Structure formats: structure tokens, C-alpha cells
């Protein structure tokens, strides 16, 4: 049943695509068959090791950094209306700047390096994490806040047992968003000052009109996203077991 | 009787005069603090090139950039570009929002649909809009529609996922209350699911609004559809650094304006929500 | 009217299951007012939710007015034990009360009438424009009650609806429920912890045992139909019934309250 | 001149869209529009700013643009991937003078690299990998007796190059105007004129369209070619006009416009150098089969 | 020990302010056990929160053990009226009870001892490993009580802590509170709606008027210190006190419950 859930819709969509590409015969729309064939050929072991793995490594690095920064900053901003009011316009300003424009600025400060690529990833995927953390922290149940205050629960324990835990459903929502943005930004970060990497390879295919190859790269990105979301789902289920339990319990399941 | 002379620090805030006003408790003046933040940021920016942290050639001081921006503001082309950008942005965001909210609610409230679509969603979400550029150009050429495609695609997922999480976060007791009073599906959607998901949705709107703006600019930058992004691209190719930053500021300012709007909406729509009411009551 | 037959409810859980209800069977006639008492954690809320169609029993059946309950039946109102969470924080008090009436497609004027009446009955007319979170616990609970009575249901289920209100208001509300019950000839199932209340209110009192839960006793309350707070409670028969039920409950809760951890391990 | 244009029967000038990146190279196109040269040839042209050949090619293929300005490698790569691209006019040509071309390899102030051979083992920034920059720079190194395989190329947009160079992120950069002048102003030194090394008459970019358009509307194509050629000549003969028009369609400041080196815009002899580029691309493995040069040019 | 002087609390609001407390003054000696009764919505919870330092009064002062209360004082435990929401849904029952003990830096062994003892006292030892949402309403409330008593506070504030538990358990818990109070000589302030309970438990019963709220009466309960559920409640003096307080409350709630909408418009 689960397999059916996962596979049915993709199968239908692939079928539709196949028909569409056969019928239209448009140059930019190869058939799924061609793409699949190219996929195997293009992403053989060598590219996998040289291009894909380092990219995925940077992806994780950037994402982890974004989580730490986003949650940290989000807690501070969520707790203090004052600091939030102070920083919000500046943050919103940066949030509105497209990564391709931001990259030169980053390069100016940190140079052309892995750090820059990590920062590009952070610069994009931090926002959903940050915003969701802020909202989650702001929405902590006031009765729980009072409970902690009375029992003198402060400092780290207060942070971990009250604030982070009760914001965790929102934080997880933000992280899920952030994860797929991180993949997107991994590609964008490799548009600059790169000569290898998954993103770079796809862009290069695109520039050299190697269309089936380009689609196979997009396919790989999608698969990567899917895989990561499955892993993320497992983590989420563990972290939010209390939350899902609450809901299921109230529904009497 | 207001002040209490026996206590060193009267916890009271007398309603009239005669007591120390509790500055720390008054709701912060958002506009004022925000302005302080912006001014602080500009000062840092002014200082960085002036102190030689980075050469002013590549990062002109804020004052110079603002001056350039000031000159631009007088030009009609600038406002045409802003208009184009805002138009693309607004249409794209509107379409993405409508689609995401409708689909999010439908899929979120029907578990079967959710189960069947989640793998596809997770597959499609991480596909970068920039990778779709050739497809966009092929379909719509370089006019606004191709940038719109990118905008809608990227902003849609942001809002959609938030709505899904929001719909899942409905308090079961509230939901059961509604069901037991015979509220039908539509009524539950309208009176229970919608307000419960609203905080998530508004966060989604803020996320989506920024992403839409980003892709509007990126599309103009890369595809070359008219707007601020295209002007940035022209300025870059002409090595007009100060102008590039001036245009970036204009872009960022648009983002700030959008956020102010959504925030205002949020304060109105979420008056009842802990996150908002907490700010009004000490 | 209401037939509960062999009802069993087992909550699944990671650390073993909890058998909240073992085997409940009882019948409620049309227009009857029955009170349900039982030790804390014995499964009263669970039973109510099953009857309301909000929860599927593990086995057994609930039949209401001839049709088997699978979802919330129409013309039923429920006052939840978690009154605070059952009010919609985004709606004002009056809107909370009127919401189900809208769904009934009553005209605005009639809705207004009904909500005015109900809020007045629970003493909250003046707070009609406040948000629920601006009210005290007892006031919130009264809003939930007002919502239920404004709905003019055929079946009224109430889960400890007076837990948070003061003695005086409680007495008033008890009389209100009895009045409404007579006026609209509703069927009422009323969960309470207060045995005096159960005796005063009910035509029957169902006593649930502690877990594994069954109906331990079904006491018919043979007090006069016209009751009043001072005289009825002063009657000798009242004291007798009260003592009897008290003893039952004492028996019932002897082995200790239900134990989520253990049931599954048996 | 075909005064009546393709839509002769409808009378008015024929509307077309041309994609061009807003840099020095396309000054003739803007001048031509400005001077009414296209109008004279029965063409009502709209110039759409693009961001480079890679974006222009799909737009032309999809019919969004009737013509576009694109660099030779993009066109050759497209052609070798079976895209029906056809070159209809010269775009921009190297000045052919060593050390005075409109593009070249520069090294930062104080670098010990003094010639192309010195670029061995170094990191060089180019705007696009596997494109005209790296192929011609490799060629320059080989010509200077160096080993081109030891060079590492990194991709960086032109506008970021002067800063990257100054910071030492790269050892050298291949830049074109106006960034070449900007770098030289910052103290950089020019160590190679890679276009000149490849071919003194190297045409870096061309105006192109698709075979469909050539087949369907040969008259339009002829008119366009004629108008472009006339514009190229006009630009070649009136450098001051070029500098004037640069102030209009770009954002360069007047000081820069005065200083930058202008390319050449000849109207013939541009086919042969394309072969040199194709050869270099074959050599570097950017393309796998020689494109059909006869089909490439109309 | 506890001095409340001229306490006033006005809630701000868009539609006018609500004066929940007008002018409260009373004193509680060290180790006293006082019960607080009053009509629903009169401001009992508000008062408790002011004493607990969770809310700033509009004017007036609260002084606890000589120091003015500005934030929650140490060694104080509170059982909230919204018991369900005061438990951490992500912590198991035992973890909920032990959380404040951790903050007190007790060693794990001692924590375990205390939580075992407290859970046992409220009859929930078997549910120690369940999550709060797996418990019934009454059980949740008992967890909140267990958390408060395991903390061994010097001051214990309880806001209708037995509202959701059954009569039998309630009686047991009442006795438990009295035992603990004697053992640790805590100062206890206990809000309840049940007048019998107030009389049975307290040394004093404070009666609050309905809004605008003042202390309407301060009844000293001159029953013997050793109380038991059957004999004490049967005493003549008990009935007298009960009747007196009942009358007071009846008076108090005469003008109708507090009215958030009106107070500000005066």
C-alpha cells in the first residue's frame, strides 16, 4: 500500500510526460525513456564521486549551519518583541535579495571558497527556519510559560524543555522547507566560481544544450530531494512523536 | 491609592500619574525600532568601505549608493522597472497563493490525497526554478510569462507546505466540537481549519512573497524580462557598481514593504492568536 | 432512543494498549435525563465520545434513534470536558455560540435571539463581545454550555460541564438544564463527579466501575419531578440515594484508577 | 535593397525581435536602430536585452526572437547538438593588435606572471567554462610554449573578476571591456591577448537565426543581414557615435566610455576564423564532432 | 508571610478595560491554610497569578515573606486551573513531575523518590510512563497536583485543583493536602468552588465578592485541627459555617457575574 502511495502518481505523471514528449516532439522535451538512459550513462560512479558527493556534503554543511543559525536567531527574535522590531526590516531586506545578486557581495567578504558556497546555501534556506522558529516561539502556550516561571525553570532547561520543544512542530515545518531550498541553492552556489559539482554540471549541460543530460540532472535533484525528505520524515516522526500522539489520541485512533 | 511607599520597587503601574512608568513593559514602538535598526545597518555599511575592510571600488559606501539611488528615483525608466517588477511579483504571488491554498486545504484535509501526492511533491519541490529556465523560455520566450512561471513554481511550494502543516495543526478538540455540532465540511473549513491554519499560512505568505520577489528579480536577471533585475544586469555588465547596489537596495526595500504589509495583515487577522495577543498584554 | 451494546474501547499505545471500556450495555429512552458517574479515568469521556460518533469503538455498537452511530449524528450538542479548547479562540463569545446556528441555516435574527437567550441564561450576556481567552475558566465553561443550549439539540451530551463554576451558578445551571430538558424533551446524558448533582439532576444515575470498566449500577432516581435546590436536597430519599451511590463509587474506585501501562501487558 | 521587406503586400515595415546582450559588442545594432538603418531596410526592430548566448539560443529556437547576438562557441555547440542555427552576419571582431584588444588575460598588480607561459599551473577566471574564454586562453598558453593542461579554470561572472583578482582568489582573469579597462586602472597587467592569438581576425560573436526562418522568409534574412552590415560599417567608421550610443543603452559612466577599447566590426572575412575556434573546441573536447561549417553560415 | 495590600487589576482591552480586582487587602500568616471562594469570574485566578508574581497588578502590592513580589518567588508551587495545558505534552508523566526537581538540582535518586511518592499519593504511579494526553482529564489534574507536592514548596497556590476528579479521589486528595500541609508547614492558598471543601480544608475561608471585587468576608474556621471526612462533615459547626459562607456567596453573586464589557465604560 505504501509503495502504491509513493509510486502511483509519479507513474501517471511520467506516462503523461511520455505521451506529451512523443506527440510534441519538442527538442527541449526528451522522452522519459531517453532521460532514464542518459541518467545511467551520465551519473555513473565517477561523476557521482567527483561531482555529486562534494555537492551533497556542502548541502548538508550549509543546511546544518542554517538550522543552527536560524533556530538560534529565531529563538532570540521570537522571545523579544524589541529585538524583533529592531532587526526585522534589515532581515527582510536581506531576505528579498536574490542569491545571484547576493553572491558577489559574499565573494567580496569571504572570497571564492567553499565557505562562500556554504554561505550561499545558508543565505537562502535560513529564512523558512528563522520565520517558523520565530512564530513557533511566539505561540508557546502561556499556561506552560507560567508553569515554568513558577517552578523556577530557567536557562538552558527552560530553553530546551519549553521553548524549543513547543516550537518544534513549526521549526520542523521550517526545516522541511529549508531543506529543499538548500538543494536549490546548492545549484545556484555552483553557478559561480565553480568547476565541479552537481549544480555546475547541470548548468553546464544546460548551456551546452545537452538537453537529455540536463533533464537527467534535474531528475537526480528531484530524487535527492525525495530521499532527503524521507530521511527527514523519519527524524521528524521521532522528534514530533508527542505531537502526533496528541493529535491521534484526541481523535481516538 | 496608587503608590506603595513601603516597597522599594512598586510593582504597580498607577493608571494615572505618580508612578514610574514601566518602560520595559510597554509594547515596543515597531516603526521607531525598525528605523533604528536600518540606520544602524547603514552606518555599518558606511563604515566598512571607509575603513578599508573591502575596497570602496567594489562596495561603495552607503551614502554614495543612496545618492545614486536618489538620482534614479527621478528617472521614469526606474519607475517603469519597479512597476514591471511589482506587477510580475504580484501576479505570480497571487497565482501561487491561490493555488497553494486551495490545493493545500484539499490535500491537507483528505489523508488519501496526501498519501498519494507526497512523493511527487517531495520530488518536485527541490527542483530549482533556475533549472526550468530553458523550459520557461521555450514556452513563453522572454516576456513576463516565463518569469511568471518561475515565480509561481517557486512560491507555490513555500506556501503549499505551510498550508499542509497548518491544516495538520488544527486542535482536535476544536475539530471535534465542530463535528459534533454538525458543521459540514465546508463550514469546518471556513470556521475551524482556516483560522487554525492562518498563522502558518501567513508565514507561508511571507516566505512565498520573498521567494516570489527573488525569482522575479532572478528571472529578469537571467532571462532578461524587463524590470529591476534586468536593470541590475545591465548595470553589472557596465561595471556601474554604485548603481548595482542602488538597485539592490530598491529590491530590498520592496521586500521590506511587502513584509510590512503582511505583518499588518497578520496583526489584524491573528488578533486572537497567542503570538499577537501576547504582545498587548503584559 | 440510545442503545449502547457491548461497547469496548481499547486505546492503542506504544507501551501496550489501554482498555478504557470493557463491555458496556445500557439503554436510554427518548427524553430521558441520565447522569453518569464513575471514578476518575474510568472511561466516561471515552464513552461520551463514542456515543457522539467522534471515536470508533473497538467493538460493540451505539444505536441512536434507530440508526447506528458512525459519525456525529445531527441535532446533537456536546459540552466537552476540555471546555477551554473547545471554544474557538478566533471567534468572540457570541460568534462561538452562533456558529452552529449558522450551520443550521437559521436567519440572523433568530440566531441573535437564541444566543441572547442562552448567554443570558448562563449570565454572560454582558461578555458577548469578548474573546474566550479574556474570560475566566468558569465563564469559558458557561460559554460552552450556552452554545449547547442555544443549539436546541435533541440529544445533549455534557462532560462535567459545571466543573469550573461556583456553587451558586452551578445550582442555577442545574435548574436551567432541567427546565430546558422538560421544555424541549431532549435526551440528556450528563457526566459529573458530584454525586449530589447526579441525584438532583437525573432520572437515572449510571455508575461506572473503575477499569476494566462496565456499568456497575443503574440507579433510578425516584424523586418528584419538580425539584428545587433547597427542598429536594433536604429530602430523606435524596440522602439515601446519595449514600447508596457514594458507596458504589467507593467500591468502584477501590482497586485504584485505570492504569494505562498495565492493561496491555496482561 | 529590398525596400518592401518580407511583408511587402502589407506595406509597412516588418516587425522583428532581436536578442542582444547589452555590452559594447552590440553597439552597431543600437546605432543602426538609432540611425534608422533598419527602418531603411524595411525592418521595425525591437532589441531585447538578453544575458548571453546560452539564453539567446533557446529563445531563437523557440521563435521568440527572430535573430539574436550570440558568441561563436554557443552557436557551434548548439549546432553540434543538432540545433538548426544559422549565422547571418558578423557580430564583433578582435582588433587583431596584441595588447590592444577588447579582451585579454590580466594578472593583478605585483604578480610575477609576465606572459602567457607564466599562466601554467595557475588559476584563471573565465566567465563560462568550456566556452570561448578557456579554449582561446589554452591556445595562447600553448602558443607561448606552455602546458595548457595544468591550468585550472574557474567560472566567475565578468563583473566579479576585478575584485577576485585583487583579492588573490584567482591568479589571472580573462576579461573583456569594460572590465578590462577597470582592471588595468586598478593596476592589473595584461599578459595575453587570447583572441589575437587564436586568429587576428577572430570574430567572437555573430548574429544568428534558425534554418526555419532562413527557409521561410529569406527576404527578411537578407534585409536583416544588409542592415546589420551597414550598421557595422557605420560603427566602424564612427567610433564617437559608438561611444555616444554606449551612454544610452548601457550604464557605463562617461569616463569609462572614453577609455575603453573598441572592437572591430568588419563585414567580411569572418567565416574562416570560426573554423579556428571549432578546431580549438575539438582539441579541448568541448564538442565531439566538427560542425558543418557550410550549414552554419548562410 | 503573605501581605496583599490594596491590590487592583485592570485588564486592558480594545472594547474598554475590565476591572477584575478592585481593592483587595488581606494577610496570611506563615503556615496558614486559607481557602478562597467567590463567584465565577470574580477574579480568583487573577489574584492567584498576582500573588505568584506571574502578573503585575495595576496597583497595590503583594509582599511575600518580607519581600515584594515582582516575579515568581522561589519555593512556590502553583496548580493551574487549566491543568491540561500546564502539563508538557512532550514529557511523560514522571518527567513532568521531576522537571522542577531537576531545576532544584536534586540528585536523580532523590527525584525518583519524590516523584514516586507524589504519584503514588495521587494514585497514578502506574501511569508514570504515559504521556499526559493519554490520561483522562481527572488524571491530568492529578499529575499537576503531584508535580506541585513533589516540589515540597514553602508556599502552595492551587486554583480549583480538584475540579475534575471524582468524589472519592477528591476526598482522598483533600486529606492528602492537609497531611502535607501539616508535615511541611507550608502556607497554602486554595481556590475552590465547593464550599464544603473550603470549610473542610481551610483554617480560614476568604470570600470574594463579585465584581468590582473586594474581600467580602474572612471566615475563620474553628473546627478541630484533626479532621476526617465523615465526622468533621457531620459536625454541627461545619454545617453552620457552610451555610454562612453559602449565604455570603449568594449575596456576592447577586448582581450577576463580572462583566468584561462594562467595567471600562464607566
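As written, the chains take the letters A, B, C, D and E, and residue 1 is the first residue of each chain.
Basically, contacts are C-beta pairs under 8 Å (C-beta built on N, C-alpha and C of every residue); 3 or more make two chains touch, one makes a residue touch a chain.
The structure presented is a predicted model; accordingly, all values stated were derived computationally and were not measured.
Distance from subunit C peaks, on a Cα-centroid basis, for D. Look at the CA centroids: the one farthest from the centroid of subunit E belongs to D. If you average the CA atoms of subunit C and of subunit D, the two centres end up 83 Å from each other. Mean C-alpha position of subunit C lies 26 Å from that of subunit E. Averaged C-alpha coordinates put the centre of subunit B at 46 Å from the centre of subunit C. Among the residues of subunit A, those touching two or more other chains are numbered 28, 108, 141, 191, 206, 211, 246, 249-251. For subunit C, residues touching at least two other chains, in rising order: 11, 49, 54, 82, 85.
Residue positions 58, 133-134, 138, 173, 176, 221-222, 273 of subunit B each touch two or more of the other chains. Those residues of subunit E that touch subunit C in the shared complex are 11, 13, 15, 18, 37-46, 81-82, 84-85, 123-124, 126-130, 134-139, 142, 160, 163-170, 193-195, 246, 249-250, 253, 256-262. Partner subunit B is touched in their complex by these residues of subunit A: 5-10, 13, 26, 28-29, 81-82, 85-90, 92-101, 105, 108-109, 127-128, 131-132, 135, 138-142, 169-170, 173, 176-177, 179-180, 183-184, 187-188, 191, 202-203, 206, 211, 214, 217-218, 221-226, 228-230, 246-247, 250-251.
Looking at the complex, you find that subunit B touches subunit C at residues 171, 173-174, 176-177, 179-184, 187, 191-192, 195, 198, 272-273, 277.
Within the complex formed with subunit A, the subunit D residues making contact are 54, 57-58, 61, 74, 77-78, 81, 83, 125, 128-131, 152-157, 159-160, 163-164, 167, 169-170, 286.
On the subunit A side of its complex with subunit D, the touching residues are 27-28, 104, 107-108, 111-113, 191-195, 200, 204, 206-211.
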